[in-house]
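Structures incoming, each one as structure tokens.
Each of the next two complexes has chain A plus one more chain, namely chain B in the first and chain C in the second.
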Partner chain A sequence: MKPRLGSALLFLLALFPFAFLLLLSVSQRWVYPDLLPAGWSLRPWGDALGRGDDLGVALLTSLLIALTVGAVGTLLGFATARRLSLLPRGRRWLRLAYLPYVFAPVLLAACLQFYFLRLGLSGRVAGVLLAQLFIVYPYAVILASSFYTSRLRDMEDLAGTLGATPVEVARTVSWYLLRGPLAIVFFQSFLISWFEYGLTLLIGVGKVATLPLKVFQFVNEANIFYAAMAASLLVVPPVLLLWINKRLLFVTR
Partner chain B sequence: MRRRGIPWLFLLLAVGPVVLGLGYALLYSLGLVGLLGRGFTLEHWGAVVRSADFWGALGLSTFIAVVTITLSTALALAAVLRWQEHTLRGLRTYAFYLPLALPATVMAFLIFQWLGDAGLLSRLAFALGLTNSTTDFPSLINDRWGTGIIVAHTLMATPFLTIFLANLYRSERVREVSQVAATLGLPPGRVARRLVIPLLLRQGRSTLLLYAVFVFSSYEIPLLLGSQSPAMLSVLTIRKLQRYNLADIPQAYVISVLYALLLVAVLLLWLGWSRYRRNTALHEA
Partner chain C sequence: MEGYLDARQISKTFGRERVLNDCSLQLAKSSTLSVLGRSGSGKTTLLKIIAGLETADSGTITLDGTSLYRVPPHQRGVVYLYQEALLFPHLNVFENVAFGLRIRKVPEPELRERVDRMLGELRIQDQARKSPNHLSGGQRQRVAFGRALIINPRVLLLDEPFGALDARTRGEMQEFYRRIAAEFRITSVFVTHDLKEALLMGDRLAVMEGGSLTHYASREAFVADARTGVAAEVSFWQHLQLKNHE
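Take a look at the complex of A and B:
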């Protein structure tokens, strides 16, 4: 096999799940043992997104939560990364940020349910926002810390020594050097929130319907065509990000 | 002026929830709080330790994590050895990056549609005359060995680990080291076996361990593709928590605390072992 043919096959294999989801979302009646569905139609897409009470709402809810959690997590993550970089044992503190991941998010949610109930946040968007921040924020701190280098701190100190005010330092030095990393951390934080299922289910008690919850709901209802539609919507943002720049999705430091 | 105090925001948002959550789980599991709280008791701990469900879940979670990480690391290593520093070039870049856009929820749904009794593979088998009905097709999902879960996780992990190992290959200058070894007379097969693979595995071991932990504690994929019994640990915990039988709730918290203790022990052992290896290497040098 020629090397290029092998790569092309690998690429087609990687495309297959996306093509399968899209085709399944426009399919009608796919009965065993047929290899292909009995028909195709775009109408379910119009119905689902146009009705305004189901998939469309889930899409908007997911967007609202992921954008908010992504933005807040990124800002707090960078502020904390800066703070930790100034501490003598900052690296040791940073190890604690892995705790929510070691303690699986879904189990964390299970153990925190009581507090959310007591605070009246259970089953509310605000509760899901806060719960997701508990896993997005430590990740943002870990990722932001890899960009908050001693070189950056030295540049900030130098600008300060030369007479720049803290606002000027932030605007001219920090923003200039960190705008790329800020975008990376925001996109990664957005995706964690966008994909989150278990924690959202437990804290939202099923009342805060996001796209991942819809996928499972449709699967449980044996409505595979709507499940494929929700799944297709779920993979749109990461694919778009890949299209913009593949380096934004995977960074090794 | 640099402030050197305690990072309160960090403690509040990153550490606080874990401490609060684990604290509540521990108190609940000991009968000190909650609906069934009748004072200190080890009854719920005893019930979990004696239950076959818990040990089955622990065994299955470990088995799936080990098999997944072994399979996906082997596949990723094969790709990096095949394409070396050109692994992430041209169409292959997209071939390895695109699957990262598939979340666990979607991957579980896809595997459900592909490997189920009436799934795509079963239909293909029927079309090729290999089976006559859905019952002839082997159970690849919801089976006791977690076949579907392993396939789903392997499909998710392999591209990620390939990208990770390909980046390591570049950053660790493995090509240059291999060339030196080849110049010194080591045959290509032995360069791969004795040099490249050990080097990549040693540099990437922390990430591999963290990924194994991620698989061990996964929820969405086993929820859709796993069997009722044994179930993976996360699924068993949430199932006990959401059952109508109130007596199961303290057991869910016992499993959560045991899970946390187990992983902390594994990570501490890992850190200790890494430190020991580093010190030994320094001593030998």
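Take a look at the complex of A and C:
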């Protein structure tokens, strides 16, 4: 009984911040010392999502950027990790992937800003996408390299000597062995992009509004109910991805 | 002399290290060449070059009179078996053995018949539905052999295939290999660092040392060469026997 009670308490504790955000997002006039808000309304949610308001656009922009950065970063990361695993001094080259992390993302953005302005990428979604890849791609390479082991390479080689073409090796062997790691790298890359603030603010110059930017905007305006609503939206896609990962990709066969 | 498998003056350098130094190898059809050598002597590199998994800096390889230059691994008909069985973890035993046939799009009834027969030959028919994780080391190696033999490879390259097994299982597998080598008339290069295994497995013998390969015309010539370590081994056992008599 006791372990079950402990688990339930832990579950409630983990759930509390999300439940509180949701509660706050449908509240009206909640002043000290009231335990509960004086009123409830779903209107802000309807306004935000139903009418194609700013928040709805920010949600779609964030989704577009994070999904693209996640997918491109993962594919490039695995392709690079595979290439590095074939090079005799691949581990040395891998050290280059740590370079972007010498700076904070904001500093990196400041360095990139000049070139992005010259290329006409500042203030555009494409610019933000490219800038975020500067952070996500090396991270994906580092993470993917840990999955690209000599054992996996030997298995691919063996499948080749058994008569499989490189495409067949990828389809019948590598995909099954790498789909879990691919999902992990995609999920991590998505998260980095999804919560990215400083880089997006500088390269987007305020014209590319993503959800994290909206949350900070509402916080700065002291609009806690809208900030809670934007923060709730910020939590939904990662939770959904986590659920998909668990249900579809890590099922024991 | 030209063999069924004929590799001539193969050289390979990694960085500043010369791993293979003008290695030549001739192998007759349906025979096994044992290559004895220490770790790092270049045995694996030579096998990988023959399999097409590594490129040679110089030299030529022909198989049944046809050059293997620029022939990709999947078209050579040369299967490379590692020390580890490397069974595909997402496939059960049956599907692992069937792998090469599925790649060749063999019709389902013929595929089932051939895989069942191979599992029978390897005496693992009762393991067909098991996952590779539920097999012993010896069973895994049997499946790896079955997966290779079912596609009738032209040459089998064995890179210390029993190196990871315990002494008893290793002995059983050596016996097993000799049986299937005769039954399937396998042409193979068997690489090992174990002196007894080299003597047991090979119809012909060679030693790899410092990137150079030395062939022996007979078993006697192999035994007589001090580099093979046979004399040292014999002396050790004789010395031990004398000590026991004292």
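Please note the rule applied: the second predicted complex is superposed on the first by the 225 of 253 C-alpha atoms of A that agree within 3 Å, B and C clash if a C-alpha of one lies under 4 Å from a C-alpha of the other, contacts with A are read in each partner's own complex, and residues count from 1 in each chain.
One rule holds in what follows: a residue touches a chain if its C-beta (ideal position, glycine included) is under 8 Å from a C-beta of that chain, and two chains touch if they have at least 3 such contacts.
None of these values were measured; they are calculated from a predicted model.
Asks: What does the overlay on chain A give for chain B and chain C, a clash or a fit?
Replies: Superposition check on chain A shows chain B and chain C fit without a clash.
Asks: Who wins on chain A residues touched, chain B or chain C?
Replies: With both complexes superposed on chain A, more residues of chain A are touched by B.
Asks: Using the superposition on chain A described above, determine whether A:Leu133 touches chain B (first), chain C (second), both, or neither.
Replies: first
Asks: With both complexes superposed on chain A, which partner does A:Asp154 reach: first (chain B), second (chain C), both or neither?
Replies: After superposition on chain A, A:Asp154 lies in contact with chain C alone.
Asks: Does chain B (first) or chain C (second) touch A:Ile244, or do both, or does neither?
Replies: neither
Asks: For A:Trp93, select first, second, both or neither according to whether it touches chain B, chain C, the two together, or no partner.
Replies: Touch partner of A:Trp93: chain B, not chain C.
Asks: With both complexes overlaid on chain A, does A:Arg83 touch chain B (first), chain C (second), both or neither?
Replies: In the superposition, A:Arg83 contacts chain B only.
Asks: Which holds for A:Gly163: it touches chain B only (first), chain C only (second), both, or neither?
Replies: Only chain C; A:Gly163 stays clear of chain B.
Asks: Looking at the overlay, does A:Leu107 come into contact with chain B only (first), chain C only (second), both, or neither?
Replies: In the superposition, A:Leu107 contacts chain B only.
Asks: Using only CA atoms and the superposition described at the top, report the least gap between chain B and chain C in Å.
Replies: Shortest inter-chain C-alpha distance (chain B to chain C): 6 Å.
Asks: Return the residues of chain A at which the contacts from chain B and from chain C coincide.
Replies: Shared contact residues on chain A (touching chain B in one complex, chain C in the other): 88.
Asks: Under the definition above, what is the set of chain C residues touching chain A in their complex?
Replies: It is residues 14-15, 51-53, 72-74, 76, 78-82, 84, 86, 88-90, 99-100, 102-104, 147-148, 151 of chain C that touch chain A.
Asks: Give every residue of chain B touching chain A within the complex, in rising order.
Replies: Listed in rising order, the residues are 2-4, 7, 9-10, 13-15, 17-18, 20-22, 24-25, 90-107, 109-110, 112-113, 118, 120, 122-124, 126-127, 134, 159-160, 163-164, 167-168, 171, 210, 213-214, 217-220, 223-224, 234, 237-238, 241, 252-253, 256, 259-260, 263-264, 267.
Asks: Provide the residue numbers of chain A that touch chain B in the complex, in ascending order.
Replies: Within the complex, chain A touches chain B at residues 7-8, 10-11, 13-15, 17-18, 20-21, 24, 32-35, 76, 79-80, 83-84, 86-88, 93, 96-104, 106-108, 110-112, 114-115, 133-134, 137-138, 141, 194-195, 197-198, 202, 212, 215-216, 219, 224, 227-228, 231, 234-235, 238-239, 241-242, 246, 249-250, 252.
Asks: Over in the complex, which chain A residues touch chain C? Could you list them?
Replies: Interface residues on chain A, with respect to chain C: 88, 151, 154-155, 157-165, 168, 172-173, 176-177, 253.
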